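Some structures are shown below for you to check.
In the two complexes below, subunit A is the common chain; its partner is subunit B in one and subunit C in the other.
Moving on, here comes the complex of A and B:
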């Protein structure tokens, strides 16, 4: 039917099964991805002795590519984690919400259940987002160090940088597309 | 008895005069670099050793080093032209200079010049050369630093930079996780 308004439950269900994130979440993901993609530049400047002026273009290009791929990894990881976290937190969130709304006689049972569902979604979203960022950041930095200083240490600094960043962000994005 | 004394005297004069017939002085000189790596902007130690393998003392010994051009090398310590009044037969002398390369790339290290008088009567000096280290490379400072420096401060700064990206998301997640696990544990206890 045209113009039918979705209930809160239907909206939450749509959100749950969609990989789309809110604008706020998107900004958070891209911001964090940009920061973590820029951190290895310090190592390439100070330890691999790359000249910042000569390498500016390469650095900018690879940082943009890495930011996109890391944000992609954040999104996918969050989506996978959210359902697991929601199942684990269901009992605790219900208890918390019922405790805070238990004495409210004006609210119906249905409204209380909706509130609990919304809270559960919010907590799952929050924990999945923060853990996805932490996990992917740690993985990215460790992988970048291993590739740059052990596997690719004999290559020239520019090639080292391009291969390290593309492989690290590529592997992160690839692993995030797993189903578990 | 008188004849024996005359014979002894004649022999003594003969053997005494034989000491004055020495060969000339003969100097052998080496020039060596003490560095394992020659690096742009870092000290380079060059040592010269002169051996007198001849039978006479060498006098007015002058060592002249002209292969390190001031445009390419900065003289930190020592002199490129040195003089010794006398080097006794069988003796050796050494001289060291410290340089700092201003540029990097391939460099041909040629011999230094040694001149001396081969005997006390000699008027014309003898010219010879030290050994030559040959062609070598002066490493770029950036490449040397990249290869050998421990970069402790740089790694420490990197560690500090990673702390916000790792610790903040972890702490936020951990706080929420702890809160709801505590609530879940309490509800299990009451049930």
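Moving on, here comes the complex of A and C:
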């Protein structure tokens, strides 16, 4: 058993049920998480009148923490959504793949099924990735605005920033660990 | 001799009367020429009260300066302040915003005689509207700015909640 090479189907299944993401997805997640975590900096600079030079260290530290937690939320949300998306798109993808490969007599049935499975995985992966980013970004911004402008508006700007970013990214990460 | 004395007496009395008339006439501004600047409060989100201010210079054809003036502004009679040489005058009124809505406010300026007539009319509980003012200025008050109807953070929060709700609904449909 040790050293046995996995078939393409087994590899796809492992990939499907694994929480690990590809390097490309990981770069996409961390890049988006960094941008979203940096957006509140403009609010706190221009609206709450924080001084950029004095607050640089706090901003850098909280942005790094927030980036990690938001990327964590992206990964979890994507994993939960991927299977649901795959179930919804399975029929349409199969139809499309069979239509494009239907006339190819050289390809066996098994190869066509593998191609359809791979395509389904790719479509589900892409749609789940983009939707996870969209949903978590919307949730992040709602929480950041409500916390900073309504709940924490009587606190000093530095405390407001630290509590807002930590609570927002923490809640996002927490909610993403749910099973649904 | 008696006739000469009588003529001298008449001349002295006439001169005395003329002096009195001229002295009295010298206290009143004849044909006033006014150059004015007005100011009213334009902002109510931070400022608590509305101020109406009128500054003016007054030139009289008979050369009278340094007059004691009084003004009726927004229903109140107030003394008009002046600078040291009596060439520049200023009158102001301060009150709550609701007491000074948008509109044109006439400022009737009176000299001492006019003010005495007003005081007499007030004692007799008569209207002072018929008393002629020395001149009248106008302050055009456009009304203060009270801030936007909706705060920007409310609009931002509402928009963000709507977008999140759409995303949440789509996610729920996907997971159903």
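Operating definition for what follows: the second predicted complex is superposed on the first by the 180 of 180 C-alpha atoms of A that agree within 3 Å, B and C clash if a C-alpha of one lies under 4 Å from a C-alpha of the other, contacts with A are read in each partner's own complex, and residues count from 1 in each chain.
As a convention for this text, a residue touches a chain if its C-beta (ideal position, glycine included) is under 8 Å from a C-beta of that chain, and two chains touch if they have at least 3 such contacts.
The shown structure was predicted, so the numbers you read here are calculated from the model rather than taken from an experiment.
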item: Touching partner for A:92 - first (subunit B), second (subunit C), both, neither; value: first
item: Touched partner set for A:48, first subunit B, second subunit C, both or neither; value: first
item: Which superposed partner A:142 touches (first subunit B, second subunit C, both, neither); value: second
item: Partner chain(s) touched by A:35 [first = subunit B, second = subunit C, both, neither]; value: first
item: First, second, both or neither for A:84, with subunit B first and subunit C second; value: second
item: Which superposed partner A:131 touches (first subunit B, second subunit C, both, neither); value: both
item: Which of subunit B and subunit C A:150 touches, first, second, both or neither; value: second
item: Partner contacting more residues of subunit A (subunit B vs subunit C); value: B
item: Contact residues common to both interfaces of subunit A (with subunit B and with subunit C); value: 131, 134, 138, 141
item: In the complex with subunit A, residue positions of subunit B that touch it; value: 142-143, 145-146, 151, 154-155, 157-158, 161-162, 164-166, 169-170, 172-173, 176-177, 180-181, 183-184, 187
item: Interfacial residue positions of subunit C with respect to subunit A in the complex; value: 153, 156-157, 160-161, 163-164, 166-168, 170-171, 174-175
item: Interfacial residue positions of subunit A with respect to subunit B in the complex; value: 32, 35-36, 39, 42-43, 46-49, 89, 91-93, 95-96, 123, 126-127, 130-131, 133-134, 137-138, 141, 157
item: In the complex with subunit C, residue positions of subunit A that touch it; value: 80-81, 84-85, 88, 131, 134-135, 138-139, 141-142, 145-146, 149-150, 180
